[in-house]
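Note that the chains take the letters A, B, C, D and E in the order they are written out, and that residue 1 is the start of every chain.
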Amino acid sequence: RDQVQIAGSSTVLPYATIVAEAFGENFDFPTPVVEGGGSGAGRKKMCEGVGPNTIDIANSSSRIKQSDIDLCATNGVSEIMEVRFGYDGIVFASDIDGPSFGFTPADWFNALAAQVVVDGKLVANPNKQWADVNADLAAQDILAFIPGTKHGTREVFDKKVLEAGCKATGALDLLGDKKACHALRTDGVSVDIDGDYTETLARLDANKNAIGVFGLSFYQNNTDKLVVATMDNVVPSTETVASGEYPVSRPLFFYVKKAHLGVIPGLQEYVEFFVSDDMAGPDGPLAEYGLVSDPELSATQDMVANGTPMQPLN
Amino acid sequence: MTDVTPTTSILTVDDRTRRRNVAEKRFRTYGVIAITLAMLALVGLMTSIFSGGLPAFKQTFITLDVYLDPAKLDKDGSSDLEKIRKVSTFGYAPLIKKALEEQLAKPELAVEGLKSKDAAKMISKEGAAEMRRFVLANPDMIGETVSFKFLASGRIDGYYKGRVTMQSAERDKNVSPQQLQFADKLKDAGLLKTSFNWGFLTRADASENRPEAAGLGVAILGSVYMMVIVLFLALPIGVAASIYLEEFAPKNWFTDLVEVNISNLAAVPSIVFGILGLAIFINFAGLPQSAPIVGGLVLTLMTLPTIIIATRASLKAVPPSIRDAALGVGASKMQAVFHHVLPLAAPGILTGTIIGLAQALGETAPLLLIGMVAFVREYPSAPPEGFFDPAAALPVQVYNWTQRADPAFVERASGAIIVLLVFLLLMNTIAIILRRRFERRW
Amino acid sequence: MSAGLVILAVIAIAIVGFFVGRSRALNSAGGDIRQLHSLPGYYGQAVFLFSAVPALLVTAVWLILQPMMIENRISDMILPTDIAEGSSLELIMADVRRISSGLDTAVVAGALSEPEIETLNLDNTDVRGVLAGVGVAVASDIKPNVLDASVAYRAKTAAARGYMAVVSIAIALVGFAVALSLTKPDYRARNVSEAAIKSLLVLSSFVAILTTIGIIASLIFETSNFFRMYPAKDFFFNLTWNPQFTGGSDLGIIPLLWGTLYVSFVALVFAVPIGLFVAIYLSEYASSKVRSIVKPAVEVLAGIPTIVYGLFALITVGPLLRDYFAQPLGLGQSSSSVLTAGLVMGIMLIPFVSSLSDDVINAVPQSMRDGSYGLGATQSETVKQVILPAALPGIVGAIILAASRAIGETMIVVMGAGAAAKLSLNPLEAMTTITVKIVSQLTGDTEFASPETLVAFALGLSLFVITLGLNVLALYIVRKYREQYE
Amino acid sequence: MYDAPQLGNAMDQTTTKISARNVQVHYGDTHAIKDVNVDIDAKTVTAFIGPSGCGKSTFLRCINRMNDTIDICRVTGDILIDGEDIYDKRVDPVQLRAKVGMVFQKPNPFPKSIYDNVAYGPRIHGLAKNKSELDEIVEKSLRRGAIWDEVKDRLDAPGTGLSGGQQQRLCIARAVATEPEVLLMDEPCSALDPIATAQVEELIDELRSQFSVVIVTHSMQQAARVSQKTAFFHLGNLVEFGDTTQIFTNPQDERTQNYITGRIG
Amino acid sequence: MYDAPQLGNAMDQTTTKISARNVQVHYGDTHAIKDVNVDIDAKTVTAFIGPSGCGKSTFLRCINRMNDTIDICRVTGDILIDGEDIYDKRVDPVQLRAKVGMVFQKPNPFPKSIYDNVAYGPRIHGLAKNKSELDEIVEKSLRRGAIWDEVKDRLDAPGTGLSGGQQQRLCIARAVATEPEVLLMDEPCSALDPIATAQVEELIDELRSQFSVVIVTHSMQQAARVSQKTAFFHLGNLVEFGDTTQIFTNPQDERTQNYITGRIG
């Protein structure tokens, strides 16, 4: 096999293809083959073993899990390199012709949670319109398209929006358990999307009064159709995410099978090229597409150059 | 009794016949309605596919004279190819920017408020790559001014296809009204043209940053390879299995089991065939990831039940007297089947093949698990080695493109569907013609 | 001699055998075909088969057994100390195989020469580097014993290949000779070659069985893992499907099963009548010209990628049904619904029903129609009472095909019916199917070894068993109904 | 050899039931029927005789427009039944065929039970008010078809599992079950033994009291026995038509003579 | 019941070609052939007569094992051809059928051209070395089937577009084209006119000089004309078997007598 093979997160996929394309153009190696399929599936594939019919790199929009590392170990993939190359912002947007919104996590919790606090007591969610949730918001029926439970984005939504809202409204104290904050109403107001952001966009098109959850880069490519909502009065952008002002974001990774380094032609070069300033830097094509560049990129570059394997998860 | 006058005239239709004729008409109308519905659905779908996809076959190009500046491309003037090779595409981008700056400086082309950095964005990022390829192939041209026909970026292209308007550009982060004005001026100056997009059929896929450069070349090859495998495996195996089950197998619980089993396989979700393919062909047999051979084998297994069910149904429909006639002149059962029964069952077999291949050609889910739903830019080599090289497939390309953020990919996805349908028709034409030949009544 | 060359050689011998056998048969009969038991071609085929089949079988068995035998011996060369913690003998043997084939590659690429390999040791050569240079991946640094084992493995393999070539070709030649000696006028060559063809046919029908076994085998392991993490009782009887990212999910199959059956049913309600009427009209009423255009045109519906149907459902049909049907009737607000997905899927399934039914209806002998017309039946009466019953087995096949496709469809359901699992009778509500969930649980972000992912395998296997049951039922019903005919 | 016809009813009152004028039939390029003119009387049995392939079946099929179902078949000229042109646009072939029944040359039972084969016609024409009436019709028809005794115990068995002669009689029973005014029978006794043949001939004679019967036969004896009128076809031409006794005793045309005496085939 | 005949003494030259011993045939529950024993001589024509549905076709189909193709049909007992049991495991039914040809009761031409219909047998048995030999065989067979003149101009036309009698003769031509040693003919002349019938009878007579012919017929006259031996079946039983002249002039069994004189059917 003479080309690098990569699989995993669909969030990372666009970045990986941009890098792969540029890599193929500028190096004498063939362009790597990049597959989507989801972070979990990608890590599983990487851990299937060592050899030409297994992949070299797993893209992941969340950190690798201990169970994956164990699986890798049982299949002889003992050394893995973890590369964090940037951040992904998650935004809330609606149809451009509708009203614009300014949310807080508490608004989302009150709009979508199965149980909310009314007069200090937990009751089944009675809110019908955004204005019921927060008088400052438009009097528009609540309808939200959120990522399905298999998406990493959902995990971020659960943690950074719902849990934060849960705490802010005081529901956490009554519910007692963080996980209970994740329970959503089932009356069709919150719709899980198993597909991708394009499906969410199409659904917004069919339901003009809905609000969808998107990745920052996806939104940036569709600013003529979508109007983005602020969160805690912060407008999402690569800058506000990088500075940490905009709260809803997550790191992006890829994992390299060390046994293949120096064996699969171009693998080392690809990894280095990916994290180079030319690509992943704040002015590189990845940032242009919507990646929030990692402020600690140079540390990553050093790590890649040294081939430092990953330390055990703590 | 002796009265010979006719009971009824046949020229006047009696009540009961009238009622029956109404029923007949109604029945016939149902048929017409059914066909009309099917045709309407077809026309509706076709219209939406074609209206969405036809623009993909046109592409906007910008012709520019670019000075291949030795100061950038061959810094030490050594003309050493190794060193020229070191200059990456990032090094070529400024040359394009410079060339545009020159155009922008011309009074008739000047647009107020348009920065040269933004003007450079009107040219596809593929432009730099094309220039680099050109220079590496013709290093002696460094220092000359060369005219390049660059792809316009997706948004500019979209402007001439109605996807982007001045209004939408106001709100669009990736394009500004000034850029559009400049494009219009370039057009007036004859530097910007729209022409047929051969690249759409021949180029490989491109990344999110350059939808205008994305093409179907690799996907078409991958689909061809897979269909060759499917056709040459699924058709013979399917027909052979059906012949055995229908004509030779003793009718007992075991053949019942096989029959039920085959119907059941038809109901297995296609992704499960992907799981099977991953387990058996890649993990067990050690075949490579992302390769058409694995895709073809998986699709073969998926198509088999369709062909078997169709073939058996049409073998059943051949009247036994034909078999008797052949056996009666001393043909063996095998000869009777191959000489007489099979030709009569051919229309049904071909129908099964048509439907089975259509399904196989359009299927994405099983390919998901064997690594074929991927970004592949290298063309697979010629068969048989090519069967083992990574490749994409047409439905995969459609699936990928519909998931991308840039709206230009939506149009390409529809264009890819048109290609897929044309491919399907080409593939099926032979089958359709053959089927018409074999159709007969007796 | 590589395995490929051996196979080619055997086939070449067999092809020669075909021609020799044929002409020998002709000669033995003095050029008079009538003296032969079978047509001369059959004698040729018999020689072909005798030459090729045993030799190829031996080659195949040899190719499978050889690595096992050799590995058995070689694995003694690996000492327990060579096996690192967390690793296993199997993994090391995989390395041995990879290194030895890598050495071959290196020789071909000119990076190593045969004499160099004989004296190869880790002190004088950076083996890993050399192999990497020719693009062969090796898991970790090579230990001396592993290298020795690899070299030995390579040598033994080469020797075994040589024996194999000799043995296979010898068998082919023996088969050739035996078959030729059998070639006499009264030799039943046709029976031999037909028996061979028949075994091919039997083998082909085993492909279907093997596929089934393969599917079950590839699902059962992870399914059992799933049931170790998640109680079977809950999976089969829990009425909610609500997977969570972080665990603690409800994974009841019932709502998914309901959705599957409901959506498929709705799709068939559209597809079967329309498809049947299309078939009837095309085969009984339409002119051959209309038929030759409409039939392939309808078949295009089966070739449109399902994603197009999905978008059609999502963007056009869904909102339409919601605005003009669901909302005015107060039946719901959702633009995704069972009805949307069923309707759109029904369109896709039309050709599955129509084309095959058309073929079998067309195959009903004309004398049946004549008999009915002669009694004064109208065309529709003839169709309903004579032709459809006569064509029933084929039509059932077509419907089974359509139903199967409906159950297995993903994209249309995701976009048309949504992704929410629900138990409801209202066809205008969003629901989802087993297949959709198999795809979404299998491709996602959660870790693989979690019940949320593994449930996909359990769903696949359950669906397999359920459809098996439905098929048995269908066969039983058809049998019972069909008995009065034929 | 020939039995003299003992069916000498007075034939002066007969009226014309079917008349053919300049009928021509082509199968593609084959000219199968050449300009045939004939008047077939009501309440008589007319026999069509002639060598194999001369066009008897073709002409017979014209009379109830069964040739409509053969794509390549073209019929020109007029055929009148009760003075009405059956090729008229207003004519409903379905109604015509209900009135003009047919027994085909090759027995073609439906792949249904024996009972359903016979009940099929009465059902579609609504001849029976209820099940017991239908049972009666079926029994009566099977009796008339001279097959009741053989099949009465297995009415539910498939009609296709009968012997050749039984199938033929089943088809006769099926045709008479709809009570047509004209019955066209294409070699109805070809597979029947003498006794069964006699029974069918009896049936034909019985039908004649009300209806017209046209029968194609290769047996001169049979023609002589059952028919009052005989038409002799040769190579697509209607060579001679007249009273059966006259045709067999005193043929006008040489070809008829030759055929009857066994010199041309 | 009628038992195996011991009357070989009178005809010492003739040898037994086919002998059936205790043959029983069941179709599911129907007992179609009941314990039949018969010896059929070489180089003779044997006629099977009997009322419709008595089992003639069934027995005929046993002789070349065509009944194998009917699922529900069970045959017991032995049938020997040239002393060899054809139901023996070692017997290849294909070879048997090449040796024992058959003309079916219902004409069943292949939906192919007339030429291919006839050429099919010779092709699969390799009877012709080249195209012109094949042409010869086809012409000769069609001539023997008394249909050459009618079809010689349209050998490429489909066999299914022929008239009933033409199809029947085509099937006869197809059967003789393979030159079988025994020819089983199930009512081969049922759709034929007298002349064609005479020609086929001539053919049968000609075949007799080398082969055995078994013919099922409903025409007593035909049986008397062409056969040397006659077997009378009734309700599945072989009632009587003997020289044709003896059967027709001096039947031993009452049932035979009744059938011949037209009293049972």
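We take it that a residue touches a chain if its C-beta (ideal position, glycine included) is under 8 Å from a C-beta of that chain, and two chains touch if they have at least 3 such contacts.
Computed from a predicted structure; not experimentally measured.
Enquirer: What's the overlap between the neighbours of chain A and those of chain D?
Expert: Correct list: B, C.
Enquirer: How many steps does it take, at the fewest, to get from chain C to chain D if each step moves to a chain that touches the one before?
Expert: Minimum step count, chain C to chain D: 1.
Enquirer: Of the other chains, whose C-alpha centre is the longest way from the centre of chain E?
Expert: A
Enquirer: Mean of the CA atoms for each chain, then the mean for all of them together: which chain is nearest?
Expert: The most central chain, going by mean C-alpha position, is C.
Enquirer: Which chain pair shares more contacting C-beta pairs: B-D, or C-E?
Expert: B-D
Enquirer: Return the distance between the CA-based centres of chain D and chain E, expressed in whole Å.
Expert: Taking the average C-alpha coordinate of chain D and of chain E, the gap between them is 29 Å.
Enquirer: Could you work out how far the Cα centre of chain A sits from that of chain C, in whole Å?
Expert: 35
Enquirer: Using mean C-alpha positions as chain centres, tell me how far chain B is from chain E in Å, no decimals.
Expert: The mean C-alpha positions of chain B and chain E differ by 60 Å.
Enquirer: List the centre-to-centre spacing of chain A and chain B in whole Å, with centres computed as mean CA coordinates.
Expert: From the centre of chain A to the centre of chain B is 30 Å.
Enquirer: For chain B, which residues are shared contacts with two or more other chains?
Expert: Residues 20-21, 24, 332, 344, 368-369, 402, 442 of chain B each touch two or more of the other chains.
Enquirer: Would you give the residues of chain C that are in contact with at least 2 other chains, written as numbers and ranges?
Expert: 190, 311, 366, 378, 381, 442-443
Enquirer: Counting only residues that touch at least two other chains, what does the list for chain D look like?
Expert: Chain D, residues with two or more chain partners: 94-96, 98-99, 106, 124-125.
Enquirer: By the touch definition up top, name every chain pair that qualifies.
Expert: Pairs satisfying the touch definition: A-B, A-C, B-C, B-D, B-E, C-D, C-E, D-E.
Enquirer: Can you list the chain B residues touching chain A in their complex?
Expert: Where chain B meets chain A, its residues are 88-90, 125, 129, 132, 164, 168-169, 171-174, 206-210, 282-283, 286-290, 368-369, 371, 373-378, 390, 400, 402-407, 410.
Enquirer: Show me the residue ranges of chain A that touch chain B in the complex, using the header's touch definition.
Expert: Contact set of chain A toward chain B: 1, 3, 5, 7, 10, 13-14, 16-18, 20-22, 24-26, 30-31, 33-37, 45, 48, 52-55, 96, 195-198, 217-218, 220-225, 278, 285, 288-290.
Enquirer: Which residues of chain D touch chain E in their complex?
Expert: So the residues of chain D touching chain E come out as 27, 30, 49-53, 57-58, 105-107, 150, 154, 161-166, 168-169, 186-187, 190-199, 218, 220, 259, 262-265.
Enquirer: With touch defined as at the start, can you tell me which chain C residues reach chain D in the complex?
Expert: These residues of chain C touch chain D: 366-378, 381, 385-386, 389-390, 484-486.
Enquirer: In the complex formed with chain B, which residues of chain E make contact?
Expert: Those in contact with chain B are residues 64, 66, 69, 71, 93-95, 97-99, 101-104, 106, 108-111, 120-121, 124-125, 160, 171, 174-175, 177-178, 180.
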